[in-house]
Structure formats: C-alpha cells, structure tokens
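What follows is a pair of complexes built around subunit A, which joins subunit B in one and subunit C in the other.
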Partner chain A sequence: MSTPVITKPAADAVVPVRPTLGQRLTSFMPVIALVVLLAALTIADPGFLTLNSLTAAVRTSAPLVVLAAGATLVVLCGGIDLSIAALCSLATVFFALWLPDLGGLTTVAVIAATAAIGALQGLAHVLLRIPSFIVTLGGMSIFSAIALVISDAGPIRVVDRDVTNWLTLYVGGVVPMSFVVALVVVAVISLVLRLTPLESWIRATGYSESAARLAGTPVDVVKVAAFTVSGACAGLAALMLVSRNFSGSPSMADNLLLPAVAAIVVGGTAITGGHGSLWRSLAGALVVTLLRVGLPIVGVPSAYEQILYGAIIVAAVALTLDRSKVLIIK
Partner chain B sequence: MTSPTEAGRGAGRATGTEADGDVVPAQRPRPRRGVSLRDAGPPIALVVIFGVFAVLSPDFRTVSNVQNVLDAAAVLAVVTCGISFVLMMGSIDLSSPGIMGASAITVALLVANNRNDNDLGVLGVVVAVLLAAGLGCLSGLALVVLKVPSFMTTLGISAVGLGVATLMFAGVQPNVSDTMLQGWAVERFLGLAYLTWIALACVLVGWLVQRYSRLGRYAFAIGGAEEVLALSGVKVAPYKVAVFTMAGAFYGLAGVMVTSQLGAGLVQAGRGYDFSAITAAVVGGTLLIGGRGGILHSTVGVLLVTVLTNGLVQVGVSPYWQGGVQGLIVVAAVAAAVIPQRRRNQVTK
Partner chain C sequence: MTTNLQAQPEARVPAPVHALEVRGLVKSYPGVKALDGVDLVVRQHEVLGLAGENGAGKSTLLKALVGLVRPDGGEIWVRGEKVRLRSIVDAADHGIGMVFQEQSLVPNLTAAENIVLGSEGPGVRRGVYRWNTMRRLAQEQLDKIGSHIDPLARTDTLSFADRQMVEIAKVLRIEERTSHPPVIILDEPTSVLESKEIETLFTQVRRLREFASVVFVSHRLDEVLDVCDRVAVLRGGRSVGEVPAADAAPAELHRMMIGSTGGDDHYHGASAAVRSDERSDEPRTPRLVVRGLSGKTFRDVDLDVHAGEIVGIVGVHGSGREDVCRALFGAEPTTAGEVVLDGERLDLSGTRAACAAGVGYVPAERKTEGMVGPMSVADNMTLTKQHSRCTGPLVRPRKQATLVDRWIERLSIRTPHRGTAIQRLSGGNQQKVVLARWLVAGDVRLLLLDHPTRGLDVGARSEVYRLMRELAGSGVATVLLADSLEEAIGMSDRIIVMSDGRATTEVAAPAGGKPTPLDLVKEMV
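For the complex of A and B:
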C-alpha cells in the first residue's frame, strides 16, 4: 500500500534509550505466548506434553514455518506477499507433473521455478511501481488459475515416493526431518543476513525507503531478492506438503495464507517494515500451530479457528505497528 | 479548463458548506481534456471488447447472451458498489468473501428453509444485511481505533465472517424454500431477472450517495488528501467507519443475492468476489491510491470484466483461466494508472 511515510528528523545527539520493561516484554511476546499456550494445553490435557504429540505438532508446523520465513523477508522490506499460499499450491502441481520426467532433479527444478516466479513478482513491483500488495494479490489469482488449468482441477497422485522420502524421516528417531529442514532454512537465511550487509539494507528499506535510497542502498535489488527468496520458500513448503500427502493439488496450500500472515504478525514483525526477524516468525508459526492443534483439545469447535485467526491478525498488527512512521492509516 | 477564480469560488463554497452544516450540491470543476479522455477509456474498451467477441463468436452476439451477461454481472455490480467507496478513500477491502458468506448463511437460515421453522421473508434479508453492515463496521472501527491498515483489518474480518458462517452452517446445508427469495433469481421483468434490477437500484443508490451526500464527497476528499481534510477541521474517522459499514451492507445484499441464485446458503458464497470487485473497480478507472473514480466508473468496469469472462468462455477458453485473466488485468491496469506518476512516486510499498 502506498501509505505516506514521514521520516522524523534525527535528534542532534543520539541518546541511547534503554528499552523499558514493557517493551522488553513485548519483544518476548511470541516466546511467552508459546510457553503459556503449552502450559495451558498441558493443564487441559495432561497427555499433550508427550514426545509423540509434540513431534506431530512440529511436523505439522514445518511447511508453515518455511512459508512464513520467506514472506517475513518481504514484510521486513515494508511490503507484503499474499501469493505464497497460491504459489505453494502451484508448486505441488508442478512437482507432481514433473516428477515422472525429471526424477530426482524435480526438487531443484520446482524450487528454481518458484524462485523465478517470485523474482518476476518482485520485478513487477519494482519496475512497474505497483504496490506489492496488488502484485501479489494478482499473482495469487494467476497462480491459482495456472494450477487449475495444468492439473485439470484435480489432485495428481505422486506414485514415486523415493524423491520426497527423506523429508518423512526422523533425525535421531525423534525430530521430524521436515522440521529440521525448516529450522535450517531459518538459520541459514538469518546467518546470511547477519554476516552480509543484507540485513542493514533490508532494515533500511523497511524503516525508510527514501532515506535508504538516498544513502545508496540498492533498494530495488533488495526487494526483488526478498520476493525471490519468498518464492523459493513457497517451493520448499510445497515439497513438504507433497511428502506428506503423496499428491499435488491446485488448492492444497490455499488455507495456509492466513496462518502464515498470522505467524508473521504474531511473531512481532511490524507490518510497516524494518522491525522483526525470521526467528520471530518461527515462534509465531509454532504459536499458530499450537492454537490449531490445541483448540480441539480444549473442546472448541474448529469453526472458531478462522475467527481466532482474524482476531489474532488484527490484534497482533495493532500491537506491533510502528505508529511513528505512518501518520495516515489507509 | 478551470480558471483560478472558479477554483477560488469552489473553495469558498466548500468551506461555506461546512460552516452552515447544510448540504449544497458541489459544482464539479470541469475536467481537463486529459482527464475526460481517461474517463472515456473504459467505456471505449468495453465497446471494443464487445465488438471483438461479437465478431468471433456467433453465440455471443445473441440477445439472450446479452441478457445473460447483464444477469451475471448483478452480484459483482453490488459488491463493486461497496468496494468503490472504500477504494475512493484510498483504503482497500478484502472482507467480501467472509461477509458475503456470513450473510448468505444468515438469510438462508432466517427465510423458509429445511433447517428450522423460521419464515421471516424480507425481514430475514434485512437482518442479514444488518449483520453484514455490522461486520463492515468492525473493520472500519479496527482501522480507525486500532490504526491497523485496512488490508489487514479486512483480511481479519473476512476470516471472522467465514468462521461465523461455518458456525451457523453446522455441517448441514440450509436449502431455501422461500418463494420470494427463489423468485428473485428466476422471475423476469422487462427481460432481466429481478436480481439485475436490484443491482441497478444499488448502482443508482451508490451514485446518489457518491454525488449528493456528504459521505460520498468526503470519501472522495479522504482519498484525495486526507491530511488537508483533517487539518480543515473535518473529523475523518466517523466517515471512514461509515464507508466501511456501507460497504459491508452492500456485500451483505450480494450474499443474499448469491443465496437466491443458488437456492441454498453456502459458506463459500463470496469466494473470489473480493478480487473480481477490485479488478472491476480498477479497470473502470478507480485509482487504488484514492480520490478518483466512482460508482459509474466501477459499473463500466463490472460490465467489462463480465463481458470478458463470458466472451472468453464463448470462444472456448477454459473457465479455469478466469482468475488468471483478472489477475493480469488488475496488474496491467494498476501499472498503466501509475505510469504518469512514476517519477514522482518513488516509494512503493
């Protein structure tokens, strides 16, 4: 959205401000929420805190973690990627269609394809100056259409399960491989950001794009890169879904959009850009998964899940929004 | 051309309106030549596309197909009426799938149906529309009070609406047996279904609100320059909430119309309408940054989208491509609208 951004003039002397207790608490909010949820669920059903159910929970969360991690980069730049779920569905169809021909290379091909599609969206956003929100909303619609057409609107079975088999293994017999992969993705992206100037570029772009531009930050390149990574993550999440469902389908991941957005904002990444991190989205994704798994345990009908997502998104954005930056909320 | 004196008088009149508190119909400044050309673009495109399909497909150029197109455009026209006001303010609204789903189930459960003994008739429709207006009001309040950007609040409200709809759906599909509601989709007046006349009435109401009420003109002004409006002493917040409430009411009516067409209340009644409506409004010439466009523009956009959808099916393109075509159109239309301001508009989020 093209909200007018007003940058405050810098104070003459920078006084280091220590975060107040409240601010510290807010920044640990996702972790606190996670612990509180775990405790509440354990009290509601003492059988919940067992190895088996925890393993199942983190296994379910893996695709969500990967999707949210990719989209977090776009949000950090100040944009939003609404196409991740549709792109992920399209990628499951790609995988199922390409597997008979490409065999083991399918994994690489699918991730490369989704990364390229993500880059295309980024280029449309940057070159045509269309708000990221509209580009990805249009993308969502286009990807769904392509997936419907090439799959003939039905699920495609994946017969050869060897290629995705590694994702269903357990590391040390306990931790699901898909979750380990999700953790590795988050860790690698975070490390790369930390060790290169990328992190400050992304933050600068998110906090104040015009200032970043004036300071010589390659804003356009950073944004396209963020969309590319987001696309690649959608492809990886698609692999995880295929490894679990043994099929590709044009609407397989569509219901992951809301949880992914919820995971990002619950983690505390500001929708206005700049503030946040991938680790926060990881915690957010776990919170969302626990809610999803936990509601039936407490005895709440799953219809409330949607209402809860809606309320959570609005509440979390309201808490994390950087109000000093946006004077007019559209 | 607007001369400076005219502009001055216009400004004087605007402040006068505010001081007296009575409604004086604001005289529109004459459009400059470029603007009028831009306004003429969508209708010309409509005629061209219509002509192309009429040449390509013999089935397309029949009277019954034109009736079909108009009837098919009815629901989208009502949704677009609602979203146009929101877009004029420069906000965005993704809540129509949820709100339409909630109102569709509500109306199906309140008129004569197979689930319970209710038989409220028109009152049921009114209750459904009021519920929808309430949901719209919620997203407006979240925007104004919590200061959450509208695309987030409406995404949230959409989820809430879907959840409410799923709760009421309770696993058993409510089939409507109310003759009045069923008749809306079937019975015809002057060759068009009642639903189409309802849609026309909505467009008329929307146009009157936009043209002659303070709400409509302030919605325009909020999109054009909100800070200026706020600095001149207008309390912007209530108008924003009112616009979202009105949009919600339109979505609610659209949900009722879908229920009438399907003869049953479905949670997915509004699926895809949010995007189609944005496409229609944008194609019709409403800018997403607000301050330009309007109901009549959007209605032309609705016809454009519907003719395109219908025509593509008639010439043999898979209906699955519909969403894709709309996606391409919306990106292209927004890109085209932004080109004149490319140099100025450095920051795009």
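For the complex of A and C:
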C-alpha cells in the first residue's frame, strides 16, 4: 500500500522550546543531592571523607542498590513491589539450606527461584487484576512466614564460604566486588531498556496504562517481566547479604524495604510511574546509605538521627522530582 | 478583555437589571482559543437557549459561569454586580447553578441525600444525619418542581428522567443562598432522555421560568426553539448573534452556527477510491466484514467497509457505537459474532492482535487514551509499530529520527522538535501524531476513528479531514464516529445509524447525494 502524502508544507516556523535551566538541573538533582550530602557530612566531621569510610559505605549500599534497581522497574510500570525485602530474606534462607546439596549451583538456583516467585506475583497482579500494592503486601507476609517455617525461625550458618567468597573481594584492592556487581546490574538493565523497545513500553505503561494498551503495547507482559526482574534482584541482593553475614536468616533483609522505596523516590523516580531511571535509584540508594552510615559517624544523636533522616528524604524528593513529567501527585 | 476592566462600572448598570451578563469573556487553552470575547445576556425569568457546534465554546462558557473555569479576561455580572467566580460554591452563592451533562449524582445514595449533599444545613446536626429533616428538605425541593419521586429511593433505581428531576431539585437548593431568583443552567439535559421524558422536562423548564432564569443548551435545534424564549448562538468562541425563538427556523439557527468556515470544504467530497470504483460495476469483496457482533452494549451488528471507503456510524448517547469501535480493536469484550479483515478472521481478544493485523484506533479521549503525554513526539509516534524504528530487537535512534522527521513534515506537524513532549503540542498536532502512529509502518488496513476532531479548532479539523481523505485514497478502510452529524454526513461515503445497540439503518452518502441531518435524526431516535 502506498503511503499517503500530505502536500501542504508547514507554513509557520515554530520557535524551538529549550529546557529551562531548572529543568536541566532536575535531571542531575540526585547526583547533586549526593554530592551536597557528602560535602555536608565532611564539613560536620572532616575525618569522614576517607577511603575507608567510603569503601564501607558503598559496600553497605550494594544490596540496597540491587533491591532498589529491581523495584524501580515495577515502579516505572506504575506499580509497587513491597515484597522485595521479605523475598530477599527468604532467599538467604534458601541459599543456606540449598548450599550443602547444590554447591556452586546454589547461586543460580536461588536467583531463578526468586525470579519465578516475582513472576508469580506479576501474574497474580495482571491476571487476577489485583493492585500490585495488595499482591506484594500479601507476598511480603507469605514469604516472611515461609522463611520462618523452613528455617525453624532462626539463622542458618553457611559453612562453605567458597561460593560467596568472590563477592567479598575488592576490585583493584579498593572497590568492593558487591558494589561492582550492583553497578553492573544497574548498567545492564539500563542498557537493555535503552537499546530495545522495552523502555518506551515501560514508560507508556507507567504514564498511562490505558493509552499504552490502546497503542498495542504488551502491557501485561511488560509488567510480569518487571516483577520477574525485581524478584531476581531480591535473590541477588540475598547473595550479597549472605556473603557478608555468613548465614541465612528469615528476617535478614526485612529492614531494607523502606530504605529501598526511599532510594527510588529520592532518586526522583515518580512513585506514580513512567518517569525515572535505574541510575536515579543508584544515586538515591547511595544518599540513603550515606545518611544511615554517615549521621552516626558525624555524631548526630540517635534520637535526632531518625528526624533528620526523615526530613532529608522528604526534602530530597522535593528537589529531585521533576513535576512537569508527572501527571498526578498522589 | 483585560483592557476593559476599568470601563466605568457605574455607567454600565442601566435600567433593566439582567439576571446574568457576560462581557468579552476570553479563555485560551494551549493551541485553542475556546472563548474569544463572548457577550451574553440572560434576562430575569426567561429561558435562554445556547446553540453552537462542538468546539464553539459552549462548555467553556458554562464552566466559567459556575466557577469551574477561570476566564483569562472579560467580566461576569450578576444582577448588575460584577462578580469573580472562583468555585462552584461561589457561583451558588451568587445564585448560579448547573445541571451537568454527565449526571453528577452519587448513585448509591438516596434522592434526598443527593439533593442536600454539600448543603445539608439543618439536615445534619452534630455531624449526624437527621433523616426526617433531610427528607423534608428534599421533599420541599421536589415539590417546587412538582415531582412525585420518593425522596428515600436509591438514586440508581431511578430512571434517567427521574434522576434529571433530582438534579434540578438539587440545583434549586441554591435559592436558599440568595434572596434573588436563581439562574439555572441545563447542559444538554435531553441527550439521555426519551421523547416522552423530554416533554416532561420541557414542562419543568417552563415552570422554572416562574421563579428563575434558565440557560438551556442542546444539540437539537428544534428543542431549543421549542422551549426557549430567545436563542444565542456561539461560533468559534464568539457570540455571532441571537434570535427570538418565536420566529426562527432551525435552518436559520443552523446557518448561524456553521457560518462559512474552511473546514466545510472537505465535506461533500467522496474518497478517490470510491469514485474510481463507481465506474466498474463488479461487486467487490469488502475489506472489513462484521457479522452478528454482540457485546455488553450492542447486539447483532453487521457492518461492511470497503477498501478506500469512509463509513460513518451515527447514534445518540448510549447507542453503543463507541463500544462497537472498541470491540473491533479488541479493547472491548464481545460475546458473539465474527469479524473478517481482508478474508482473514480478526482476533478480537486484545489490542495487540488487532494492531498486528493492521487495525488502527484513534480514541475519543486523546489526552488520557490516545497519547502518552510526557513522552516525546517521536516515541509516541513509534509506540505501536516498534519494528519501524528497530533492526532486529535493537532500537536505532537514527532510523527513528529519519522516520519521525519525515512524518512530521508530511503531516505538517508543528512541534519544536521530535523530542518534545507531546503534551506541549496543540490539540490538532497531538492528534496528527496519534494518527501518524498507525501510518509509520505503512501497514494500516482499517482505521477506527472515534471523534478524531474532538476539541480541535477549525484549521486543525480541516487538516485531519484532508488526512482522512488521503488515507482513504490510498486504500485504507475507515470507520468514523463523527463529532457532529454534519461531519458524519460530510466525510462519510455511507452512514450506519445505530440505536439501542443495534445497527438499524444504512444511508448512502455519496458526493452530490448527501442526506440532511434531519434524515438521520429521524432514524436515530
């Protein structure tokens, strides 16, 4: 079929609209926030900015970065994954239990299992039309309970450390391997999104699901895929925790859920979907970790630490969220 | 206009004080000037009709009158007093109330609750409903319009006509707020009513005149002339005149509404393909064959569309034509029927299958369903036909840029850049991007257009018309749900009339042999 041609050319010239300085700045805001925070901590305690403390900070941040990266995909689709921390805890138990039998294959098995569990939640969300908030809230509770049952409600020691030892190495003697892995995860997922139609599908789904559906976007497939990757990331984060703690425990990652959500929003990803990126969540995770690690180091009393933490998170979101890209603020 | 703001208010309050007066009201939306200096006078105790085509600015004007839209310029005077209406409550305080086109009652509450909702007054004491007082308050309102509806009936058990009475009763509550006769606005009150119910409504409207002024808006000109004392006509956001209803004919009103606009040049043509086919008498197999299609809101719909043909479907609100359109795109479940496109059975299970089969759909709700606002023009354009910008699984930015720029030029889409967020474009340019989405791969065979010109100005509309013709000329089969009867008649080669979910009549509309709007209206009701 021949393509139709409209003959009349555009009559009026259009003045190009350049992004304002403010708009340009908002896209760098997460990084700016990170630098400002680092500077503030250094000013508060000039001894803070040492190679040692930075290394410790990024090593601590690695599981959080991976968890937040996976969950960011779900958030970009307009959903939320509240089960990541519980699933991560469950995965540490899986790892400790399966290691004696599976040996070197345990890594693959755990990640495959959590990916499958993530996919299952995605399918429940898509097929049964249950809001992702509810599905993953239920998932959170179920995974915690399963972890308690199969672990007899206590930590399981990991005796064979060879399998996870590689994660505790340092690249070039300085950069923790777990952080490098986290960076690779963020980079690979970002690249896949950028180089394939997935990015526009995910954004369209997150911004306006009905418009995406009516444009023939495979909305359901995209959502299930996001939950699957989020699950896989929970499995990977579990490996990092096990490599550090030499055990699996049914509540090991439970305190990571809210920091992960905070990392996503502090990065400037819109909780309503569509707008954001994994790089932003990386910066957000670093901000959150620096706050957690840095505030006690510079001598903030622990009672005030929570207040400051909360206030900085809210302020950071106020800075990093580009409101022109977000249709509704819920 | 803002320049007139200081034009000696004292001097402009002459003898007969009007219930409501609008002077030079202006309101612009990006790309569209909805109101361009509207003047309007509503006298005490009169029924004023407001007529105008879609996009003439009626809804914007009404919204400005009840404080839902802040005008950019101009003045609103209520009983000789200049007012600034900031909200619907503000408007109610000045005695202006509106019965909305989309019914605004809460369906699972009783009629009484709905009537007092938001202005409970003595109906609530210490935060608790006093049912007896409420029923009495509601009954007073219903008595005003002589309605016999049970105030304690749940609203969703009432007929559309009764719900309308409840709405009117509700609006009359604003009498409590002012000591003056109120102004009641009825926006398309008849669109969901049957003819018998319409008669009852008209009786009500005439009764309302005893103690209020009424602004009556309807698409149906005969109705307007029947019930109103005077009719004001809007066109393109301006007041173009008014006539006393007693000695005006629908045709005269209609001429005032349409004027002579460029958009009409594209009416009354026939698609190239149809013209050339008229010479050969061979029977052709239609490109789209629909047999016995049934769903929740439509039954046994048969429809044929030939390649290069534009078939309009007309029908009143609730005729089910929108759902038929969506069903053909796999976006609305069907219970029975078969759809064949170019000899192959069309999979109606989802939108993806339809897209793959070469079906394109332009939804009526452009902003929420047609486009993804914050995404770029380029990404919106290639959202469906991803393969058009990919090599294998990989996106090729340069391939996308070339393709998108070519279509921006072909359709003269006015955008600063292909990377600009589509929500920053004007409505017409947005719509062209949405249309281009189906064209970029050159594989579209059937286009379903649901109100493709809704909210567009005259110039943008005529560009969409031209594009539709060119597409038909290249062999695309088109189903059109037009914005107005005139548009359906002008653009279609054939018109299907739908009523109560069934395709009842087919009317030929070849160039030179177009039916009149009245011919169609007879079949629609």
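Simple rule for what comes next: the second predicted complex is superposed on the first by the 284 of 330 C-alpha atoms of A that agree within 3 Å, B and C clash if a C-alpha of one lies under 4 Å from a C-alpha of the other, contacts with A are read in each partner's own complex, and residues count from 1 in each chain.
Here, a residue touches a chain if its C-beta (ideal position, glycine included) is under 8 Å from a C-beta of that chain, and two chains touch if they have at least 3 such contacts.
Treat the numbers as computed from the prediction; the structure is a model and nothing was measured.
Undergrad: Using the superposition on chain A described above, determine whether A:195 touches subunit B (first), subunit C (second), both, or neither.
TA: Once the two structures are laid over each other on A, A:195 reaches subunit C alone.
Undergrad: Is A:292 touching the first partner subunit B, the second partner subunit C, both, or neither of them?
TA: neither
Undergrad: A:213 in the overlay: touching subunit B, subunit C, both, or neither? Say first, second, both or neither.
TA: Both subunit B and subunit C are touched by A:213.
Undergrad: Under the stated touch criterion, which partner chain does A:59 make contact with: subunit B (first), subunit C (second), both, or neither?
TA: In the superposition, A:59 touches no partner, neither subunit B nor subunit C.
Undergrad: Quick check on the superposed pair: does A:314 touch subunit B, subunit C, both, or neither? Answer first, second, both or neither.
TA: A:314 sits against subunit B, while subunit C stays out of touch.
Undergrad: Is A:204 in contact with subunit B, with subunit C, with both, or with neither (first, second, both, neither)?
TA: A:204 contacts subunit C only, not subunit B.
Undergrad: Specify the partner with more touching residues on subunit A, choosing between subunit B and subunit C.
TA: It is B that touches the greater number of subunit A residues.
Undergrad: Considering only touches as defined above, state whether A:280 meets subunit B (first), subunit C (second), both or neither.
TA: Neither subunit B nor subunit C is touched by A:280.
Undergrad: Output the subunit A positions appearing in both contact lists, the one against subunit B and the one against subunit C.
TA: Shared contact residues on subunit A (touching subunit B in one complex, subunit C in the other): 1-5, 210, 213, 326-327.
Undergrad: Provide the residue numbers of subunit A that touch subunit B in the complex, in ascending order.
TA: Touching subunit B from subunit A are residues 1-5, 78-80, 124-126, 128-135, 137-142, 144-146, 148-149, 153, 209-210, 213, 258, 261, 265, 271, 273, 301, 303-315, 317-318, 321, 323, 326-330.
Undergrad: Could you list, by residue number, the parts of subunit B that touch subunit A in their complex?
TA: Contacts found on subunit B: 89-92, 98, 142-143, 146-153, 155-160, 162-164, 166-167, 226-227, 275, 278, 288-290, 318, 320-328, 330-331, 334-335, 338, 342, 345-349.
Undergrad: If you look only at subunit A, which of its residues touch subunit C in the complex?
TA: 1-6, 8-12, 14-17, 194-197, 200, 203-204, 207-208, 210-218, 274-275, 324-327
Undergrad: Across the complex, what residues on subunit C touch subunit A?
TA: Residue list for subunit C touching subunit A: 329, 331, 351-352, 354-356, 361, 363, 368-375, 379, 382-384, 386, 390, 393-395, 409-417, 420-421, 424, 437, 439, 442-443, 445, 463, 466-467, 470-471, 473-476.
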